[in-house]
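Before anything else, here is the set of structures, which you'll find just below.
The following pair of complexes shares a single chain, chain A, combined with chain B in the former and chain C in the latter.
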Partner chain A sequence: MEFLGKYKAVYKAKAGCEDILSKAQDGGIVTAMFAYALEAGIIDGAIVAGPGKEPYKPEPMIATTVEELFAARGTKYSISPNMSLIKEATRSYGLDKVGIVGTPCQIQAVRKAQLYPIGLRDVPDKIALVLGIFCMENFPYQGLYQMVEDHCATKIDNVTKMDIGKGKFSVYTERGINAQIPLKVTHKYEQPGCHVCLDYVANLADVSTGSVGTPDGWSTVFVRSATGEATFNKAVEAGWIVAESMDGVKPGLELVTKLATEKITKNQKYLEHRKHAEHAALKPLRNPYI
Partner chain B sequence: MGLFEKLKSLLFGKGDVSEGTQDEKPVASKQEKLVSAKHEAPVTKAKPADMMVEQKPIIQKPKEEKPVADKITVGHVHMSGCTGCLVSLADNYEGLLTILDKYADLVYCLTLADVRHIPEMDVALVEGSVCLNDECSMEEILETREKAKIVVALGGCACYGNTTRFCRGGQQNQPQHEAFLPIGDLIKVDVYIPSCAPTPQQIRNVCLMAYLLLKGTEEQKALAAAYLTPLMRLAGGGADTCGCSHTCACGCDLMTEIINQGLCCGCGSCAAACSVRAITMQYGKPQIERDLCIKCGGCSAQCPRSFFSFDVCGQYESITHLIGEVMKP
Partner chain C sequence: MSKVVEISPTTRHEGHSKLVLKVNDEGIVERGDWLSITPVRGVEKLAIGKTYEQVPKIASRVCGICPIAHTLAATEAMEASMGVEIPEDAYLLRIILQCANRLHSHALHDILALPDMYLPGTDSKINPFSPAEPVRSVAKRIQTLRMIGQTVGEIAGGEAVHPSNPRVGGMYTNITPRARTKIYDLAKQALPLAREQMEFMIAIFENYAKRDWAEMCGREVAIPKDLGFHQQGYMAVDPCYGSSSLDEHPTWDPARWIEVRPWDWYMGEEDITLEDPAYPIGGTTKAGAKAWPQMQACTGVPLYDGQPVEVGPRARLATYRNYDRKGAIGQNIAREMEYMDSVYKMIEATDALNASGKVVADVIPQGDGSFGWAANEAPRGADIHLAKVRDGKVEWFSMLVPTTWNFPTCSRALIGAPWELAEVIVRAYDPCVSCATHMIVLDEDNRLVAQKLLE
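Our next item is the complex of A and B:
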């Protein structure tokens, strides 16, 4: 399927160790892959969305130890500009082999940076492992805050997990699910830039992963590039990741395809609309894609 | 393919390159306005005759000794720049030697090659802006346009003025030099390489793609054309929807062209690209310290929402592999 990008293999998978899974968002694939790559010397460090000063406000962070990777587990539904550290990682941190995780737009930024390193001296050759996470939309922090505090009537300091799935935004506290609101309510808080986004499953990552398609506690994993394939297979061999076939898994690729198609066609329509062709009096808006 | 044809005509429009002489008249020049009247005289005739005589053997000798028949010719033209762009080119280290060995002859470069006058060349990498108060610069920028098939604005000063935008004259030892323009305000420019300093890898990629465009297989030519398209658009070619001038850049472009247009995804590439650290990410969006900005254009060019080509970036694996292969010594 073109909306799912090119891939060599797709799996239902999760981390092989309970330590990772305890606080991972889904199957802990991102943390397990980076932890394996770090131990195996495939990367010297990874740019992840670390805990910020405010609850659930991610702060990009360069993790050079497994402990630091662990601290960054879990999804923060707000913007973590991970690319902002890509040059810093190779300079102040002196990393030669950098890992980076990001939403599909951030992975596009990584690939643009590799081919057009306009302001990123010596960066292209140092990007060693690029992990993408599926993404339907993201929220500016103030929007997320409002969703949690106002709509879900939950103090954000008390939240232990947030999740989007099955058409709902769910907020967990120590006692379990505390509040759920339909995504319909959250739409208006979405980052505007998400509405021109034409990628759902990080088509340009080495390996991309998300929750959709596989049962709770597992992740759907697309292995895409040669680098991704080699690293993923070795991580499985070394026991960091347990991978099973997607055959017969419900809801499986069918749902992933459906969501990807919905997102991309909707945003293509919006990009088309931005040309303002139907209103001669309106000037067109900028289209970044060429 | 329409684009490829356009590029071809851009490159081959002048017909075969002969051993260019000083007297050769520019053919089908798009710079008619500049060529006329006041400039014609200095460019073609004002050179002292004895220097012309001296120049010929210097240029012709290396050409006869060319080890590889189908190299392209590249020159570095130094306008009002700090030589940082040239240092960046040189910072490809052994990669530069590979390029000079296999793909390009450096036919002009005041710092590195003993050639006094701007010769005919395939690609001119122009560093620096042009000082209107310096007649020699004015002559040379025109001559560069006339003699080069592809003019590349190398670095922030050539593209956008960069730090020279802040010049008001009065500096030693040329206090009268106060009016500086990006080269695109004087001549038509084909390709931009923004940022201060432009990176060794970006310069390398443009050189290799220019080579593939001129000497590659059909497939490689198409790839090179696709690769260079966004950098040509930055230079003002093609239909960019951006309404502002192609010779102005500022950190503010992130606001006007990206955030105001509802395009920012909060990736942070802009902050990483800024060489003077004028950009920090605040609540997921770039915050620009505008007094720090030197107007190099690096941030907005690096932004995935300024331009993004699925065609090119989708092939990142094979292109990276290709670059790795051709750069092998």
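Our next item is the complex of A and C:
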């Protein structure tokens, strides 16, 4: 499983509590994990993509209670620079054990910061739980806005949920599913930076999760590190998470592997292209797999 | 016939300095010159033309031991020039920061001062890194106190070294209630440790004061009872925090201050005629070499009422608490006595802090070029920054840092001491030399003079 990174176990899982599931994107794993970790004292605050000033424009926030955590449920398909708060969390917020959720690139940044803590004095040892989410690509807010307002002809203020799945970008309002557009249409709105990324399932996180591979309402969970394993198992024991084996689940790991391979080979091609590009700004990036 | 001995560099303090001492046949100092030989930082010139937001950040980079003092003094000098009044909660956060700085700096000094001292009742000097008791637990206590000081600095200031949170107009962010609790808990943890540390160190210093001799260069050197005494005055602006030209009753007066050149103050070129290879760390400078203090000194010589003055813990206690112990030991004891104040003040300020209060002034005028100064009582004494800000840009900036004041004063305190113990006197000032390097621009008549030493 070259493109899925190293993992100790993989599960089909969802949150054990209806409150989380009601507004969660899929299985509510990130909210449930952080909520459990907060209650159990494994972390004393988590950096999450909170609601911003404009609808579906996420802003990083530090949640120190389960209520604050609940405000950040659900995916917002735009950029939330969670790493920008990692230092502040240990400073004016006074946290000793910080949890952070992020896309694969953000998780790479977390690990890099732990390895070379330049400008992050006394931060690395305070990062207690790192949750990664699967990510194919991300959209700048203006791009997302245009997709919703123009292509889907929906006022973004009325949107209750956005979802990407089965090759479609879907927009839900209170009246139910309002519009669906093929993913192909959205490609031009992607961040260019996403095209050099060679990580689909947050290989460096303690636990990474995403909807791909499991039925609706469930999430696929990769448990990767010892910390991640301990926390996840305890969360399952405590009933915050319901976990089942991935065996026989359709579409299962096959689909995860397929999408990961798709993303990475596509981006590798783009990297290859950049290698021969004349513009200096397009120089190739380091391959995280070596 | 007097001889000249040079101790270069002096050790166990921050920065790079040296001692050039004229001694008589008994080895007693007749004239002592203690001078900074750290290269000039040039911060004051770098500041010109920068925005008022940048300059305090640049100024703090002058040194890594008390960047908090420099940040606060420079920030407040900008505020003083521009006439900004900061909210109460920002002021409280700055006090917490100030106390955190003092706590960790004094603890660090203990490590540097201990190797000169003796374990009471014995003739063995203290090695602070020794694994044996009681030194082991003292070293651990010092580490804990420093950890607390640095952590509180991180929370209130954003960063323990070069704090990022202070800004012109207050602070960037207030702290959360949880962080406030954490500071409170840390200060509570520091309280008994600081008391134990203070009592231990005072006992050690008192023991040294009672001794007749100290072992130096493999021989017994008599300790005079007036080790480090001087007749200069004291200058302090506040027992804890500071003062600025915005205050109703400023406690420092720029009109009483002038600065002269080392050229006019220090000795001329001297041949070194006395050497002692047994002096710690490689011996003193070889005889036959030359020393030229007036040319080599990298500081200005600031005078207050025409005289060098002492700044620092003893100056604060003498000015505000009627402390009257003189000499090197008196100064060390005064420093130890400040431990408790810095912790209590931290607790008081944390108590008073409203974690949801605003910390940035509503109005920040951009400055009309008027002169403003701010003095911050850094661990080593009054750190005074002077500035003129016009339309958001710094026109003129000057730093009068504690050890600059102490250089000429300490040089006078060396007189009458055996030269082998000169460094003990220097260390009592807890010198922090790198920020003290400073090129001067005025002569005794307040005229602008050419910077002859740079030519």
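One rule holds for everything that comes next: the second predicted complex is superposed on the first by the 276 of 290 C-alpha atoms of A that agree within 3 Å, B and C clash if a C-alpha of one lies under 4 Å from a C-alpha of the other, contacts with A are read in each partner's own complex, and residues count from 1 in each chain.
Assume a contact is a pair of C-beta atoms (placed from the backbone, for glycine too) under 8 Å apart; a residue touches a chain by one contact, two chains touch by 3 or more.
Since this is a predicted model, take the numbers as computed values, not measurements.
A.B. asks: Looking at chain A, does chain B or chain C touch a larger number of its residues?
C.D. replies: B
A.B. asks: First (chain B), second (chain C), both or neither: which does A:113 touch?
C.D. replies: It touches chain B, and chain C stays clear.
A.B. asks: In the superposed arrangement, which partner chain does A:260 touch: chain B (first), chain C (second), both, or neither?
C.D. replies: So A:260 meets neither chain B nor chain C here.
A.B. asks: In the superposed arrangement, which partner chain does A:204 touch: chain B (first), chain C (second), both, or neither?
C.D. replies: Touch partner of A:204: chain B, not chain C.
A.B. asks: Pick one for A:10: touches chain B only (first), chain C only (second), both, or neither.
C.D. replies: A:10: touches no partner chain.
A.B. asks: Output check: A:49 vs chain B and chain C. Expected answer is one of first, second, both, neither. What do you get?
C.D. replies: It touches nothing on chain B or chain C.
A.B. asks: Which holds for A:94: it touches chain B only (first), chain C only (second), both, or neither?
C.D. replies: Once the two structures are laid over each other on A, A:94 reaches chain C alone.
A.B. asks: Looking at the overlay, does A:124 come into contact with chain B only (first), chain C only (second), both, or neither?
C.D. replies: In the superposition, A:124 contacts chain B only.
A.B. asks: According to the stated criteria, A:196 is in contact with first (chain B), second (chain C), both, or neither; which is it?
C.D. replies: first
A.B. asks: Is A:61 in contact with chain B, with chain C, with both, or with neither (first, second, both, neither)?
C.D. replies: neither
A.B. asks: So which positions on chain A get touched by both chain B and chain C?
C.D. replies: 87-88, 121-122
A.B. asks: State the interface residues of chain A toward chain C in the complex, per the touch definition above.
C.D. replies: The contact residues of chain A facing chain C are 44, 64, 87-88, 90-95, 121-122.
A.B. asks: In their complex, what parts of chain C are in touch with chain A?
C.D. replies: For chain C paired with chain A, touching residues are 151, 154-156, 158-161, 165, 173-176, 178-183.
A.B. asks: Along chain B, where are the residues that touch chain A in the complex?
C.D. replies: Touch residues, chain B against chain A: 88, 193-195, 197-202, 205, 227, 229-231, 233, 241-242, 257, 261-269, 271-275, 281, 283-285, 296, 298-299, 301-310, 312-314, 316-317, 319-320.
A.B. asks: Tell me, which parts of chain A touch chain B in their complex?
C.D. replies: 57, 60, 78-88, 102-103, 105-106, 108-109, 111-125, 138, 140-142, 191-198, 203-204, 225-226, 284-290
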